[in-house]
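Okay, got some structures for you below.
Both complexes below contain chain A, partnered by chain B and then by chain C.
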Partner chain A sequence: MNITQLLGLTVRLLVPTLLVALGGIFSFRIKVFPLGLEGYMLAGCFLAVTGTYLFGSPYLGMAFAAILVMLLALIFAFFVIELSVNPVICAFAINTIVAGMTRFLMIPVFGSSGRIYLDSALALPRFQVPIIKSIPIVADIFNNHSALVYVALLLPFVIQFVYYKTNYGLSLRATGAYEEAAVAVGISTRKVRYIALMTTGCLAGLGGAQLSLTANLFNVGMTDGRGFTALAAIVLSAGEPIRAFLGCILFGLCDALVLNLSSEGIPIQFLSMLPYILAILFAVMPPVIRKLSERTAFSKLQLRIRQNDPEILASRAFHHSVNSEE
Partner chain B sequence: MESLVEMRGIVKEFPNILANDKVDFFLDGGKVHALVGENGAGKTTLMRIMFGMYRQDEGEILIAGKRQSYTVAGAQKLGIAMVHQNFMQIPQMSVLENIILGHAPQTKARGIIDYKSARTRIQKLLQDMGMKLNPDMLVQRLSVGERQKVEIIKALYIGARILIFDEPTAVLTPQESGELFKIINQLKSEGKAIAYISHKLNEVTEIADMATVMRRGKVVDYMTRESGEMTRVRLATSMVGQDEFEMVVSEKKPVGAENILEVKNLWASDPHTQSLKIKGLNFSVAKGEILGIGGVEGNGQQELIELIWGATKQLEGEISLDGKDISHTGVHERREAGLGYISEDRMITGVSAEASIQENIVGGKESSAEFSRAGLLRNGAINDKTLALIDQFDIRGGRLNLPVKSLSGGNMQKVILAREISRNPKLLIAAHPTRGLDIGAINFVREQLIAQKEKDAAVLLITADLEELLALSDRILVMYEGEFSGEVRNVSEESIQEIGLLMGGIVKDAIAKENGGKHEAEAH
Partner chain C sequence: MKKILSVTLCILMLGMLAAGCGSKAKETEQKDVFNVAFCAIYPFDQAVWLSNMVETLTKYNEEHDDVNIKMVEVSETSQYEPKIRALAEQGIYDLIMTQFSGHVEATIAVAKDYPDIQFFSYDGMINNVAEYPNITEGQGGDRLVNGFLSGACAAYMTQTNKVCFIGGKEIESIQKQAAGWQQGVKYVNPDIEDKYVIADTFADTTITRELAANLYAQGFDVIGFSASGASAGVVQAAAEAEGAKYAIAFETHFDEISNGKEIAAALTYADKMMVQVIEKAKEGKLEMSVQKMYGYAEGVNDFVYCNDVVPQDVRDKVQVLLDKILAGEIVVEFVLD
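After this line comes the complex of A and B, so read on.
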């Protein structure tokens, strides 16, 4: 496989995680740690396949997933905001319930268990994008994807705009940073929080839908930790959409490499660890580097003082007037 | 004339305490109405009711003659704004964003902020008020005085005609306070109605047109400037309910010979910028001495406290307490060695706001024999001790299991005092110990510090308040840019001028010249 094919695969693989991560950022920003992303995503996978199967259209399936997961998030929001239930506990409940329910509902809905395939007629249509398709290399990477891929690639920039240029974004950042101050200027932080938590559900649901509909199947537990990968991207980006995008590209690239290299005989277990090792490195490196450089600067300054560096002594203006009395 | 705001018979009860008991209060356009009273008298509560943050249990509020009932959002529509005791600002956001927060102008496309028109309006307001502020600066980079200006512009931005100031100068340097008064006078001339809470009576007599005095939830006195009744003596006496009132001043003593704290050649830098903050300090505090450290805030006082306290690490130098080198020990060891600390930031390092009074009192000492046995807390002993201290330190509104955050500002400070003083420290660091306290409480704190000195403890007093520095210190060191610009040994009323000069980094000519000479010799 050549590099352009690898990048094309990366784009396809990163999109579900990206949607989930972008959704999670909304919660993260109001200081509700989005541990329920995995559950939302899995629910999205299942509901998208169900909706597509019931309504006979992948787009309706997608909408079905987005709306229902958003309602699931509404329930979560109600528990967290109105009943002050601990969001971590609530998120674990969601993850557990969704894992159980998707498994349980397969039999009544589809009459089979474990894995179901959708009719290939219901596959997501892929697009030939006018200009892009005729540019060499670029076409291999960006052409011939489904609609949501293009939406997802633009979304980080849209969300960046929402955060920094709109009224809602300003209120959202304020609510997250210092809720009392937001209340004091008359912002309805309750509304802001509901909208943020529901947006998380909606986007995470779409991310799940993209995952299952591109594969045209649903598989028990098919998200396989992608919700947590998204969480890693959120934490690494400190809630900044464009940085989260970069994180997701990195994880997507790792995934693509795994798929690629495993066919060439490199142990897959080792490769699957790669994204997580990278995540940890990226999370740990900046503070370690900063600490180290602060430490060296400290020692340097210390040495200069001990050696009576003239420049340092000259920075004092009064020293002798007080010292002479001592 | 009809008042712009009229509060009639306001009653507000918190669990176990009647914070406002049938209070009447009013504000007129173009007038400053001061509200004074002891800590916990109910001033902040009354103003929060006016601002819509709390709802009164009884009584009514008339705005321009019309009965109104509102929340914070409603108050802003009515043109009421409050400059809070703790600023309601978002440090990570810019000045501009903080100002437009909640009231952002929008472009034709709804929901999108019109930053351009916001910027124009803010720039005009800043210009009108003669303030120099960069709208794009992050609020966390601003000084306290600048943050207060942001708060005022915030109020003007929403078109407020009624402004409430809750202890605005408590955290300001004298220069900044001067600027604030100019601003308040300008607001007054524009016809705004201003409520002004303060414990500093000279400020009240300087800028207020009328004053209401509260005590234990009730209005006890009212006076106007016009009638000539508004004097410091009258304010002070009706505040504390005594006929005579005098501030406590400590008797000066010559400095003793035995040193408790010794600091030698101390250097420190800012860990992020590497700039030097403390430049080779040498000093000591003797047994039974109150050493005052004066200076304009931000000249290294905070850094010095943190070094002595053990919160940060020095580049070089030695700190010893009662003959023991503590330069390389942690906070806990230093406390055990006899260091007490009344911190300046009561909400962050002073108390644990969510925890109860007794938890705050035993905190850090919970494993001593006094408070625990075999790893279990002796709750009986802890409660007894707490009740005794509430009584001894007159912590108004204090009771067992009450989270400290629901005490009034001044009473929170008393919790810290009670904890630190009851541990009999050898050296007590007191950083701005009376900030935000009423005069009765200030006297109380001063007496406590003097009692420490008389018990032969050493006291290191850091304060930006000159009056306090002079009243308490046996000796004064003035800090300027990380050094001592000078020392005042025989402290008296007359020292004030010398200290003022030293605060500006000006040493008397002769000394300066001599210094310059020596200085060059050493550098080369």
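After this line comes the complex of A and C, so read on.
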């Protein structure tokens, strides 16, 4: 197995999931569970191919997908925010309707059912990045990808900045943490929630567009659960963009490993367990490490007390004098 | 606002109900019409062969006034028996066609209660079918022979002595193709490196594309593939691969996107089999309680070449192998390495 090839494959496989996960984080942060990501992504796949087919450009196809899926998310937002429909039920409806509509619309739009192939001239262009292409191993991993791949790889850092360094990020976090308090300080939580839910749709649509336009086709059900993988990355990362990025790298690496190992003759029954084992590890490791470090810190403190550490003794004396003065 | 929306939704739902209960293409209650219910185990457009089957049956239905075919998606496990039973309960169907082993239990359960209806199981693998007086099974396409001819063709065409078969999922129909492929490769040249890989998807073209690209990069130069809708990914990888990297399709063609790299295809016209079964049943000649193979002899299978890449001498050799199989000189067995 060639490690460079494996990492290059990981980059190609993780990007659609990453875009969807980053979109889903916006919903997650305002306490709307983004269960409709699979539907948004599938709609993005279909609309990107439709847009490319209609306008003759993959970039216009991508924009078409992003805008229309954002509008779909607007409908979802209207139901959730204005009509107080349970977001989980609404998301189920979105997933079901999109699965049906993409099948149904194939015939009137393309005159065929099941799948549609785009002309190879409409394939998403790949770029040779000036500096990267001349660095031996890095070039094999990061060169010769479509523009959206590079955008997706930078996006977690941009979103991290938005969350923690901008007014909108602060409003978003405040709305998610305690909506009444956010309203009390004058934040328009309704507007914040609308923007967050529409951003989810936009990014998930782009994720779908990346998937279908890279393959240059639309196939019924082609997302094959990627929206739910993105959801797993969001939940495991607790809605933190950089951690979600790491989660998506893990899932992408896992997919790449499965592909490589299956072509090495390792049974697929074993390999198909691999993503779930890694997901469990990804979920379990942070609390285990936290617990272990807490326990280590506590035992170190006990040891210092037993050894009559002067700092501890001084601290004790100080607390004792404060309490006796009171 | 909420009231208006609720009323609009109710009107929409009523409209959809009315449309659903609306007119039928033919009067199903007519006595002189042979009524057939076709139950698909997948959504109609999930697989290319199924889309073709639905298209052929729709056309056949339109062209024949004496036959009425109702096509139903019976794709949810919990709905298998209720839906098949509901069709039988209507009392108008002369023949009910179900698919694969998934539908078998429901077919057997319903068939027992409706002895006057003929049931046809497509690839149900009902080994004790002789025990059921109103069930017959048809195996659509000889997958072992298809696999053998494809494997032999791949073995004749490889320049690197490395060939591979990619299957969508680890199911019996795919295993049969793989078993045939392995025997075909070995028959031509036992020293060829032959790999059998499962992509574990029937829908995800990204996975099959990357898998095939990886195999081509490892030096495998002829890849056979059977992964339903996900097969397109393998063809795309072949189209993008530089040099003499080829693909051999199973069940259906993908040559419109192959850039000339799909060199041959072991086709199965399962739709032809369905039409043959309906016609036999209509004439009262459909034999019950048997398993019948619909293969090359019945015109349900064909091994075709997509372009001029495969030279005439290889085509002649493959034809000789087919003749030997049909004459019983070569027996392809369901044994997977």
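Methods note: the second predicted complex is superposed on the first by the 281 of 326 C-alpha atoms of A that agree within 3 Å, B and C clash if a C-alpha of one lies under 4 Å from a C-alpha of the other, contacts with A are read in each partner's own complex, and residues count from 1 in each chain.
Here is the rule we go by: a contact is a pair of C-beta atoms (placed from the backbone, for glycine too) under 8 Å apart; a residue touches a chain by one contact, two chains touch by 3 or more.
Source: prediction; values computed, not measured.
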item	value
First, second, both or neither for A:G265, with chain B first and chain C second	second
Contacts of A:Q160 with chain B and chain C, given as first, second, both or neither	neither
Partner chain(s) touched by A:F298 [first = chain B, second = chain C, both, neither]	first
Which of chain B and chain C A:D224 touches, first, second, both or neither	second
Overlapping contact positions on chain A, where the chain C interface meets the chain B interface	none
Complex contacts: residues of chain B adjacent to chain A	53, 71-73, 76, 82, 84, 88-93, 97, 100-104, 106, 111-113, 115, 154, 267, 269, 271-272, 274, 276, 279-280, 282-283, 315-316, 477, 480-481, 483-487, 505, 507, 511-512, 514-515, 518-519, 522-524
Complex contact set, residues of chain A against chain B	165-168, 170-171, 173-174, 177-178, 180-188, 294, 297-298, 301-302, 305-306, 310, 312-323, 325-326
Sites on chain A touched by chain C in the complex	5, 9, 12-13, 16, 82-83, 103, 106, 113-115, 117, 120, 211, 214-217, 219-222, 224, 255-256, 258-260, 262-263, 265, 268-269, 271-272
Chain C residues touching chain A - in the complex, by the definition given at the top	1-2, 5, 43-48, 51, 164, 170, 195, 197-201, 203-207, 209-211, 214-215, 217-218, 229-230, 232-233, 236, 239, 256-257, 259
